[in-house]
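Next come two complexes built around chain A: one with chain B, the other with chain C.
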Partner chain A sequence: MNSVASKRLFQEYKQLTLNPPDGITAGPVNEDDLFVWEALIQGPEDTPYAGGIFPAELKFPKDYPLMPPTMKFLCDIWHPNVYPNGVVCISILHPPGEDPNHYEQASERWSPIQSVEKILISVMSMIAEPNDESPANVDAARMWRERKGEFDKRVKMDVRRSLGL
Partner chain B sequence: MDGAFDIPDSTDWLNTPLNLLSTLENALHCQICKEFYDTPMTTSCCHTFCSKCIRTSLSTDGKCPACRTADQASKLRNNWALQEVVLAFLAARPAALGVARKERDALEEAKRGTKSGKRKRAVLDSDDVAQMEVEGRSTRRKSQRIAASHGSQPEAIDEVDDSDAGSTFEPEHEEPIDDGLVECPLGCGKRMKIEAVEPHLDRCEDERKQASRSQSRTPLSNGLHRLPNTNNSSTTKPQDRISEFNYSLLNETKLRKKLEEASIPAWGPKQLLIKRHTEWVNLWNANCDSSRPRSKRELLQELDTWERTQGGRAPGVNGLASSVMRKDFDGVGWANKNRGDFAKLIDQAKRKHGSPGTEGEGTGKNVDEAGQDGTTVKSLEGAGDIPPPSGQSARAGEENVEATDLFAPRRDESMTPSGEQHHDPHNNHTRRPSLPIDVTPAVAGSPPRKVPMFRLPEVPVRDVDADGHGGH
Partner chain C sequence: MAEGTSTSINIPQLIAVALVGFLAIRWFLNKPSTTTTSSSSSSTSRGRSIDVSKVEQVSAMFPQLDRRTIAWDLHRNGGNVAATTERVLAGRGLESPPPSFQPNLPLPAGSSSTTGAGAAGGNGGGAVKRHNAFGQPDLITRYNLQSRISGKGKEAVPSEEQQRNAWSADKSARAEGLRKRREEMILAARRKMEARDGEET
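Moving on to the complex of A and B:
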């Protein structure tokens, strides 16, 4: 039973394993089920997230790649574009079509030509440069905008805690 | 799944001296499926994708995935040139990869700089070639589906090679011998005394006829795998593309009829019918685009794969395969986690069962629930055309009276044992007291009483639950 989705996921898995982008590791949690992946993203250098390793879970729909996966951080991450429950809010993960809020252009949204690799790279750059236009975590967004010092300190604390320091 | 593991991949070129070919190979990949183009089609905005990929994509949101310009499937055009490039690359790939790997190994060997390495390399070479051949064959087989009729070139060359080898060897055996004998004038190659020629001629002619018959048979069977293909493409080529219906204008019954007319499965709720028909239209039209179309039967098989992976028989939200339970399924944990729900259901069932007015309804509902929970019913019905229980209950009004007559007893027999097998862990403690599953076999067990699932039984079934909980 080889669906289009699992074939493509396998292809992407192979690519990501043999030719991984910097600071990103990803693959299925269990090789029996290609539709649930775990990814590890390194905190980008020169940001308060530097040094941290952020595990996340990606869940793929049956009709992938027509529809995007969902992504959820499995650790605490204080970020304007990550919901307090860990779900990532980024335009590349939003299904194609019009955005009811008109925050983002259709061109930024999911399309079948995107890939896991592109998602993870986008998330990495999102971590480095939050987008506070449509924040998922309003408190974090306000803190980031108004009290940058406090924001950085809190993020660094989280990172240190996650590393067990 | 095994087939998926030897997908040729652009990363194969990395770490070889030909690593730039990795970019070339990526350029020959469809951006939707990330595999080599299979029947590439160009959109009106000049982007190229596999026929099936772009058709599916367009039927989802009507836009080109690359630039998001609105487009229609009817405006797609074949990109034959690209198709040929892909096929040529696929044909050259195994050999090129073999060379690249050999080169890489040689370089590594050279780095180590040992003399004994040389001898080893010689051994390696033959291994490599063997491996190369194996790889070549497997990738070629893989790409056969992709390969168009012009794409059979590599095969054709192989065949020519074979026959060449045969014909160049034969003449070497022939040497002009001067032994006073005459060669058969019919050219069978036999030599005989001149007197023997006359009687030989008759025999020879017969033999020749036979030989020619068998000869004509061999080339035929040799060419068989090519000839019908060209035939096929000429006969099946003019197949008309089909179009999607305006689904919103059709009601469920009409749509079901249309699906039956197209001889594709027609069970399930309307939403599923639409999805299935869309998939079928895309499969069919992509097949029309292909230069090597497949038979309808193969397409139906593909539709069946779709059904099992994305359609009505797809694994549920929790990712469990429809008929197979996960190896490490934590039955006890599941039972504990859902204890409250189970208790509630049992309670409900008991209550319903207690009031004779709602008797029949209660039974039916609970069988349904068992089906949804277990998904075992699906696999049991697998062979038949009987819709899964959810669909069944959805159109309860239509044909259910007969359907359930047929259906209920069979399900009851098969349901109980396999339900136990699959869901032993959590059913164990819920099954005992739960009435519906215990009750139904008993109901169906008395053959003369055909009780449709949703009709009230004339005879109260209440006595059955007496053994369940202490009697009334």
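Moving on to the complex of A and C:
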């Protein structure tokens, strides 16, 4: 069981190293434990997150790829779909099967044919286009909807601060 | 004969009781674990954690109070904002929370690190601690890049060869490569931001 998960994670690490998607760097924190990864995601252009780099931690379950990893940003990111503690709420990270609340299609949720790369790309597009139907950060969602100017300003300030400027 | 029938009824009954008991215990033990697996969905996680908007509400009335203390009081009285307010106004003060109580509170909206520390003059220590507890260090600190940005200013941009994505057979070489790519990504972002600043001024 373990070796299946490890082999798959190692393979994915190799793929992501040889063919990294634009604006994404990811790999295990320590190769002795392939179940904890750290990823850097670049803020998408033409959004208030542009120019920023957002580190996140991915934790894989022992039965990966049957079950999805969890993802948590290690920086302050003001976003409707990221909990204040950094945990990312996105359908691709939800366990396979039907959504008990019927919000999501089964195809949007995790399945073993997805990959770390697909997760990171999905999160990148989530950063660009928040989904305010099921917000994880209610205050951020409200600000995004009602006071876009203030929202953008706050995000840009966080980006600058994160780069030490 | 009467005894015989009573025992033959008792044994299935005992089995039934044991089975129901076992199922009840199993259901009880499984319940928390199933909630945690689905905790990434918004509803369950919100139900367990402190209602941030209530903490915010009290915090807005009494900015001098530590938000963790407010959260603790709300946690204890079942999220009753009125009771917490009453308690503060009555001068009874709030109990300080145990160290194990670490709610996930966002930083106060709209207050940057400087105003946060400055505004709470009387409670300065608490405010600074609060920021450290919930704010995250910047990327330069996080990845120990101070030496790479100070002094040199304009660092040589690595050439194409160095940026080539290679997969080494050696484990430590791979780790080193990953670290370099990470650092380069952050430094490049910072250079770009600095260049943008330069254009604006």
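The rule is simple: the second predicted complex is superposed on the first by the 163 of 165 C-alpha atoms of A that agree within 3 Å, B and C clash if a C-alpha of one lies under 4 Å from a C-alpha of the other, contacts with A are read in each partner's own complex, and residues count from 1 in each chain.
What we mean here is this: a contact is a pair of C-beta atoms (placed from the backbone, for glycine too) under 8 Å apart; a residue touches a chain by one contact, two chains touch by 3 or more.
Not measured: the values here are computed from a predicted model.
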Partners on chain A (chain B, chain C) - clash or fit: fit
Touching partner for A:D76 - first (chain B), second (chain C), both, neither: second
Touching partner for A:K14 - first (chain B), second (chain C), both, neither: both
Touching partner for A:M157 - first (chain B), second (chain C), both, neither: second
Which superposed partner A:V4 touches (first chain B, second chain C, both, neither): first
More chain A residues in contact - chain B or chain C: C
Centroid geometry (CA): angle chain B/chain A/chain C, rounded to a multiple of 10 degrees: 100
Which of chain B and chain C A:D63 touches, first, second, both or neither: first
Contacts of A:P55 with chain B and chain C, given as first, second, both or neither: second
Chain B versus chain C as contact partner of A:I113, first or second or both or neither: first
Partner chain in contact with A:N85 - chain B first, chain C second, else both or neither: second
Touched partner set for A:V138, first chain B, second chain C, both or neither: second
Minimum C-alpha separation between chain B and chain C after superposing on chain A, in Å: 7
Common ground on chain A, meaning residues reached by chain C in one complex and by chain B in the other: 14, 18-19
Chain C to chain A touching residues, read off their complex: 37-38, 40-43, 45, 52-53, 56, 104-107, 109-110, 112-113, 134-136, 138-142, 149, 165-167, 171, 174-175, 177-178, 181-182, 185-186, 189-190, 192-194, 196-197
Chain A contact footprint on chain B (complex, rising order): 1, 3-5, 7, 9-11, 14, 31-35, 53, 56-57, 60-61, 63, 65-66, 68, 305-306, 308-310, 314-315, 319, 321, 326-327
Interface residues, chain A side, partner chain B - complex: 1-8, 10-12, 14-15, 18-19, 32-33, 35-36, 62-63, 65-66, 96-97, 106-107, 111-113, 115
Chain A - residues contacting chain C, complex: 14, 17-20, 25, 27, 30-31, 38, 40, 42, 51-53, 55, 70, 74-76, 83-85, 87-89, 93-95, 100-101, 134-139, 143, 150, 154, 157, 159-165
